[in-house]
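Here come two complexes built around subunit A, the first alongside subunit B, the second alongside subunit C.
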Partner chain A sequence: MASVVLIVLYPILHLLFQSFNDNGILNFSAYGDVFTDKHTYRALSNTIVLQAIVLLITWILGGTLAIIRVKTNYKHKKMIDVFVFLSLVIPPFIFATAMKLFLGNAGFLSRVYYHLNWDYHFNVYSFSSAAVCLSLHMYPFVYYGIKNRLLLIDEDVINSARTVGSSKLYLIFKVIIPMLMPAFISTGFLVIARTLANYSVSAELLLPIGTEVLTTRIYGSLSSLALNRTAVLSLFMVFLSVVVFIVSLWIEKRNKNREMSVSSNQEKPTINLGNFNNKLLFTILSILFFLITILPFITILFASFFKRWGLKFFTGFGEPLLWNHLSFGNYLILFKEGLIWTPLLNSFMYGGTAAIISAFIASVIVYLYNYRKGPISSLLLSISQLPITIPNIILAIASMIAWRTSPFNFYGTSTIIIITYIVLFTPICIKQIQSVSQNLDVAIFQAAKTMGASEWKIYFSIYLNQIRNGLFSGFLIVFLISFKEIPISLLLYTTNSKTLGVLLFAIQSNNYGLEMTSAVAVIVILISLIINLGLIFIKKGLKKYEQTTN
Partner chain B sequence: MKKILILCLTFFALATLSACGKEKDTPETGVERKLVVYMSGPENMINSLESTFESTAGDVLDITIYSCGQLRDKVWIESQSGEIEADIFFGSDPIIYNKLDNLNLLEPFTLTESNIVKDKYIIENHNYVIVVERYLTIMKTTDTNRLTTSPTSYADLGNSEYDSVFAMADASLSATAFAVASSFYEMSGFNMNLLNSLNDNNVILTKSNGSIPSGIIDGTFDLGIAPYDAFVRLSKNATKNDYELELEAIWPTEGTISLIRPVAIAKQEDRSDALTDVAKDFVDFLLSKQGQTIQFNSGFISVRSDINNSYLPAGVTVINIDWDYAAINEATFKSNYEDIFKN
Partner chain C sequence: MNKLLINNISVKYDNNSGYILEDFSLEVHDQEFLVILGSSGCGKSTLLKSISGLVSPAKGEIIYNNNCYFDSSKSLNTPPEKRNMGYCFQNYALCPHMNVYRNLAFPLKVKKYRKAGIKSKVCEMLNFIDMARYKSKLPNTLSGGEKQRVALGRALIYDPTLLLLDEPLANLDANLKRDLSKSIRKIHDEFKVTTIYVTHDQLEAFELADRIAIMQEGKIIQIGTPKDIYDSPKNIFVAKFIGRNNILKFDASLYKLLGIHSNKKYLAVRPKDIILSDMGLESKITDIKYLGNYYELSLDYNNQMVYIFIDSIDDYKINDIVYFNIQKYVILND
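Moving on to the complex of A and B:
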C-alpha cells in the first residue's frame, strides 16, 4: 500500500517543489505573479460561471428525465435509459466537433439558411456552446444519481401526501424534489468537479474567442515557459477542487444524519400521465433525444464520409450534389495506412491494464477500510481518493515532472501513462466498490475468520465475490473513460504511446480537416459501444452461469 | 470460470506492463539505443526524412511528432525538471533554443557542409543551426459566396468585412503565433495598434497555425494568417485526391514574415560519443541536399545556396523577426497581448 501513497503523493510533492523553483533558485515569486495577475481571477470567474450554467442544465435535464423514468407511468422508459447511456458514451469533445459541423459557419444549418436566402449568424464559439456540450455529456451523471435515489424513496411518504390532496405539481416540487436533494447535491458536485477539470471543450469552443478558464490558463502558462507559475496555478486548482470535494462530503454527511426512511427498489409509478400526456411526452422526448444524441452522431457520421469537409454539396453554397466528394477514404486512411491501429491498441492496453490494477487496488483499500478499521486504513482511503479532486491536466504535468528521476524514471514510456491513469481511476473504482460494500453483512467475514480462514482467503474467496458488481462497474467506467481521455495522453505520449484521445484531438492539421476528426470520433463511439455491450453481455453470461451452477 | 477470468485479466495487465518496460529498444547498429528525436512539421515529410536517413544509417531514430507549441513546452519542462529527454529537437522558434543554450544545455557541433549554407541563415555564438525557413501569408477562401473581397495587406485585416471571419493562432499557445504577433508589434512601429484592430474585428484565435488553412477549407473561418508551406502541401493533396482547393495565398504588401526552424542536439551525460556522432550525422542530413529537397517539396525554404527559392514571388519583401528583441520582451509583450485578447 506504500506504492499507492507513493504514486499519489510523489507527483504532487514535486509540483509543490516546482512552484518554489525559479531556475534553480528557491523563491516565492511565482505565487505573487499568479495571485496579482487579473487574468487568473478572470479565468476563475469564467470557470465558476461555466460551472453554474452546466450545473443548472444537467440538474434540469437529468433530474426531469429521472423523475419521468421512475415516478411516472411513461410507456417508453427503456428509450430514456438507452439514450442517456448513449450520451454518456459520446465524449464532450465529440459533442463540440458535432456542434461546429452542424451550427458552425459552414455547418449544415448555415447551408440550409443559404438556400433559403436567409442570413445565418450563429457564433459557435461561445460560453453557451461550451456549456451545452459539457452538459450533454454530464447530465447522465445526474440522471443515474437521481434515478437511484428515486428508487429508494419510500412510497408511503408520497401516498400520504396524495391522501391529503396534494396536486401533481405539489407532489413533485414539495415532496419528491426535497427528498432528492442529497442526490442533487452529490451529483452536482460531480458535475462541478468535472467541469472544472475539462480542457478539450474549453480549448475548442472558448479559446477561439479569447475566453479563458483555469485549465486553458494552465496550458497557456506552460507555453510561457514559466514552469513555476504553471505549478502555482495547478496547485491553486487542486486547492479549489479539494475545497469542492470537502464541502460535498460535509453536505453528504449532514444529509445522511437527516436521512429519510427508505425502502429498496421502489419502481412503482406515482404519477399517472394518462394517454394524451404519454403521447405528448413521447413526442417531446423523441425530439429532445434526436437533437442531443442522434443529430450529433448523424452529423459526424455524415461528415466522416467527406473527402474534405467544406466541399460544396447538395445543401451547399449554390452547388449541386457532387457524389465524388463523398468516399470511404478517411476510414481507408485510418485503417489501411495504419493511422488508427497503434492508438487503438494503446488505448485498449493502457485503459485495460489501468482499469484492472485500479479495481484491484480499490478493492484492497475499501476492504481494509471496512474490515480493518484504524487510522492507517482511513488515511490510505483519504490519500487514494485525493486524485478525484485533481484535474487530468494537472496530474499529467505533475507526472511529467515527477516520474523522470531515478529510481522512478518512467518518462518516455507508456508506463507513465498507465501509472497516471491508475492514480486517476482508483478513486472512481473506490466509489463504485464502496457503494456495493456498504450493504455487505460483516457477520460473513467474522464467521470466516472464526473458522480459521486467512486474511487473503477471506479477501479473495468471499470479499471479491461479494463486491463483484462494484468491481465490474468500476472497471467498465474507467475503461470507457480511458478511451476518450485527452489531457494526460496529450502531454505524456511518445511515438509508441499515442492513444485514441491524442489522435482525436490532434488529427485536424494541415492534411486533415473536420472530416478526419469525425471519422476518428465515429470509431471511438462505436468501439465504446461495442465494449460496453460486450462487457454487459459477459456480465449477464457470468450471472447465468452462476445461477445454473448453483 | 471466475478464477480463469481473474487469471486472464492478471496476465493481460502483467503482459502490458512488461511490454511497456521494453519500449526503449536498441537498434542493430552498434550504438546503445535509438536517438530520441522531437520534431514538429508535416507527418509525411518527417516520415520521409526518417526513412531516407535510416536507409543508410540503420534503424536509429525514434521520432515523436509534436506541434511547435507542444515541442517547446515539452523540451522546457524536461530541461527544468532534470535533463532534456530528446537527443535532438527540431522545430518551434529560436527563443527556446536561445534560452536552452544560455543555460548551457545544447551540444556544440559544426556542420559538415557549413560552406553551402547561405550567410543569412548562419547563427553565430549559439549551439543550434537553422534548417529551413517558412513564409507567412494571408490565406483566404476562394468561395465568393463566403468572401467577396480580398485583403492585400495585414492592415486590411482590421476592415469590417473581415469581422468574425478572420483567424490567427493564439500567441499565448503557439510559438509561431507569438512570432506573428511580435512582428505585428514591430511592424506597427512598436505598438499594439494592429493587434488592437484585429481584436476589435473579433479575430478567432486557434491553437496552432497549422489548423488555419484547414479551418478555412472547412468553412470554420474565411481567412487567416498561415505558413505558405501548408498551402503547398494542401494543393498537392487536392490534386492527388481530385478535388478543387478553395484556398488562396496572398502575399501581403507589407511583406511576408519569415520564420526559421532550428535544430539542436541536447547535452546528455550518459550518451555515448558514438550516439552523439549519429545525432550529428542526422543534423548534417537535415541540411544535406537530399534532406533539404524533401523539406522543400513540403513547402519549406531551403537554407542551401544550391537549392532555389522558387516559392517567393518577385518583389515580395521578407520581414525578419528580431528574435533577440522578442526574447527580451517576451513577458511584457505577452502581458500586453493578454490584456487585448484574453477575457
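Moving on to the complex of A and C:
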C-alpha cells in the first residue's frame, strides 16, 4: 500500500517543488509571474464564463428532460433514456469535431448556403460552440441526478401540501424546487468541475480564436517549456478543483438530513399531457434529439466516408455530392496501413492493465477501511481518493515532471501512462466498490473469523465474491475511460505508446484532416457503445443471478 | 352540521383497471370518529383521497357541511386546496427540507396568516403535541412517533373541518401505537373535529371508533358501533375479520342443539361462548395450546374445526372425546 501513497503523492509533491524551482534556485518568481500576468486572469474569467454557460444549458436541458421523463405521462419515455445515454457515450471532443464539420466555414451547412446563394456567417470558433459541445456531453449527468431525485420524492408530501391549501405556484417554489435543489447543486458541481478540467474542446474551438481557458493556458505554458509556470498554473487549477470539491461535499453533508426516503406510494401521479400535447412533445423532442445527438453522429459517420484528396466537393464549392465522393478509404488506411492497430492495442493494454490493478488496489483499500478501521486505513482511503479532485491534464503534467528523473525514470515508456491511469482510475473503482460494500452484512466476516479464517482467506474467499458487482462495474467504467481519455496520453505518449485518444485528437494535424478524425471517432463511439451495452447487460445478468440465488 | 355525505361514488385509477370503489355511499355524522376497517387493497385510502380531492371519482357526489365538493352530474370538483380538510398520511409526508417549526407553520403561511398569528399557533401546537423541544429539528432526525405527532399537528393546525387519517400508526411499534392512539382520540375530543380514520388493525379500530365501517373490495359490508360489529357480524367476512370466531356450518345436530331451523348455512360462535359439558355435541380434542391466561383447545366436530378457551386442562388430553354446548351465537348471511 506504500506504493499507492507513492504514486499519488510523489507527482503532486514534485509539482509543488517544481513551482518553486527557477533553474535550480528555489524562489517564488513563477508565482509572481503567473499572478501578475493579466492573461492568467483572462483565462480564469473565460473558464468561469464557460462554466456558467455550460451549467445553465445542462440544468435547463437535463432538468426539463428529467421532469418530462418522471412527472408526465409522455408516451415515449424510452426514447429520452436512449438518447441521453447516447449523448453520454459520445466524448465532447467528437461533438466539437462534428460541429466543425457541420457548422464550420467549409462545413456541410455552409455548402448548402453556397448552393442557395446565401451568405454564411456562423463562426464555429466561439464560447457558445464550446459551451454547447461540453453541455451535450454533460447534460446527462444533470438528467440522471434530477431523474433519480424526482423518483425519490414522496408523492404524499406533494399531496399533503395540496390538502393544506397550496396553490400550484406555491407548491412548485416552496416544496418541489427546494426538494430538487440538492440534485441541481450536486450535478451542478460535477458540471463545473468537468468544464474546468476539459482541455480538448477548448483547444479545438477556442484556441483558434486566441481565447484561452485555464487548461489551454497550462498546455501552452508547457509547450513553451516554462515548467515552473506550468506547475504554478497547475497548482492553481488543483486549488480551484479542490475548492469546488470541498464546497460540494459540504453542501452534500448539509443536505444529508434533508434527504428523502423512497416513497412507499408506487402510484406516481403524472402530469396528464393529453393526446395533442403528447404528440407535440414527441415532435419537439424528436427535433431536439435529431439536432443534438443524431445530427452530430450522422455528420461524423458521413464525414468518415469522405475522400480527403482530389475531390472538387472539398477543393471547391459548387460541386454536388456524388456517390464517388464517398469511399471506405479512411477506414482502409486506418486498418490496412495499420494506423489504428497500435493505438487500439495500446488503449486495450494500458486501460486493461491499469483497470485490473486499480480494481485490486481499490478493493484492498475499501476492505481495510471498512473492516480494519483505524487512522492508517482512513488516511490511505483519503490519499487514494485525492486524484478525483485533480483534472486529468494536471495529473499528466505532474506525472511528466515526477517520473522523468531518477530513481523513477519512466518517461517515454508505457509505464508512465499505466501509472497515471492507475492514479486516475483507483478513486473511481473505490466509489463503485464502496457503493456495493455498504450493503454487506458485517456478520458474514465475523462468522468467518470465529471459524478461524485468516485475513487473506476472508478477503479472497468472501469479500471479493461479495463485491464482485462493484469490482466488475468499476473495472469496465475505467476501462471505458481509457478509450476516450485524451489529456493524459496526449502529454505522456511516445511513438510506440500512442493511444486511441491521441490518435483521435492528433490525427487531423498529420495531414489526414477531419475525415480521418471522423473515422477514428466512429470507431471510438462504437467501442464505447459496445462496452457500455456490455456493462448494462452484465449488470442486468448479475441482478437476475442474485435474484435466483437469493 | 358538519355532516359528510358520500353518494354513489365510483373510482378507478385508469381506464384499463376495474373500479376501486363502485357506487359507494357513506354518511359520517358531525364530530363523529369513524374508523374504516379493512384489509390492504380494499379501497380505504382511495376513499380518503376521493374525499380530500386528491383523486377524482368517475361519478357520484360528495357533500360536506352542506357544501357540494364533488358532483359528476354538474362537473363540479373542488380542488383539494380549497376543501379545508386535514389529511394525515401513513408515511407522515413531512417536507424533508423544513424543520418541525416550518412544517407546522407551512399550512398557515399558505393560508396567509399574519406572522404573529403563525408564531403563536405553532407554539401552541408544539406544546400540544409535546414537540416544543424538537422545533428546530429536521424530520429525518426524528423517530417514527415524533414524525407522526408533527404530521398530526400539521393536519390540525389550520382548524380543518374534517380530519382524514390514513393508517397513521401503521409504521409504529405496539407500545407507541397504544400511546399515540390515545393522543389521537384526545385530539379528536378536544378539537371536536369530525374524523375519518383508516386502518387494517381491528384493535386500533375498537380503541378509537364511535362507529366502525368494515370495507371489502370497495364496498362497506357493515357499519355500526364496535359492540354491534363484534356481537352481531353480518356475514362470514366480518365474523372472520373481527376477533376470533368459529364459523360452523349448520347440520342436523346443531339445529337440534340450538332448537332452531334456518335457511342460512352458517353460524358464528366466539370461543368464549362454547363450554364443555357432559352432554352436547360430540367432538375430539386435536390440539391443546397454552396461551398465558388460558388454554386453547382445538376440537374436531364432524370435520369442522372448533376452538374453545378453558382455564385448566387437568381433565383433558389430545384424542379425548368431549362434548360441548353453545351459549351464544349469530346466524350469518352467506
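The working rule: the second predicted complex is superposed on the first by the 450 of 550 C-alpha atoms of A that agree within 3 Å, B and C clash if a C-alpha of one lies under 4 Å from a C-alpha of the other, contacts with A are read in each partner's own complex, and residues count from 1 in each chain.
In this text, a contact is a pair of C-beta atoms (placed from the backbone, for glycine too) under 8 Å apart; a residue touches a chain by one contact, two chains touch by 3 or more.
This structure is a prediction, so every number in the text was calculated from the model and none was measured.
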Touched partner set for A:S166, first subunit B, second subunit C, both or neither: second
Partner chain(s) touched by A:M179 [first = subunit B, second = subunit C, both, neither]: second
Touched partner set for A:T413, first subunit B, second subunit C, both or neither: first
Partner chain in contact with A:L225 - subunit B first, subunit C second, else both or neither: first
Subunit B versus subunit C as contact partner of A:K78, first or second or both or neither: neither
Which of subunit B and subunit C A:K253 touches, first, second, both or neither: neither
Superposition-derived comparison: subunit B or subunit C, residues of subunit A touched: B
Shared subunit A contacts, counted only where both subunit B and subunit C touch the same residue: none
Partner subunit A, residues of subunit C touching it in the complex: 13, 49, 52-54, 79-87, 89-91, 93-97, 106-107, 110-111, 138, 140-141, 151, 154, 158
Complex contacts: residues of subunit A adjacent to subunit B: 14, 18, 21, 23, 39, 42, 100, 104-107, 110, 114, 123, 125, 203, 207-212, 219-220, 222-225, 227, 307-311, 317-318, 324-325, 329, 349-350, 352-353, 356-357, 397, 400-401, 404-405, 411-415, 418, 465, 490-491, 493-497, 506, 508-514, 542, 545
Residue ranges of subunit A in contact with subunit C within the complex: 154, 156-157, 159-167, 170, 174-175, 178-179, 181, 257-261, 263-265, 267
Residue numbers on subunit B that touch subunit A, as the complex places them: 1-2, 5, 9-10, 12-13, 16-17, 19-21, 23-24, 36, 42-44, 62-65, 67, 69-70, 72-74, 76-78, 80-82, 85, 96, 99, 103, 143, 145-146, 164-165, 167, 170, 172-175, 199, 202, 204-208, 210-211, 213-215, 217-222, 230, 233-234, 237-238, 241-244, 246, 330-331, 334, 338, 341-343
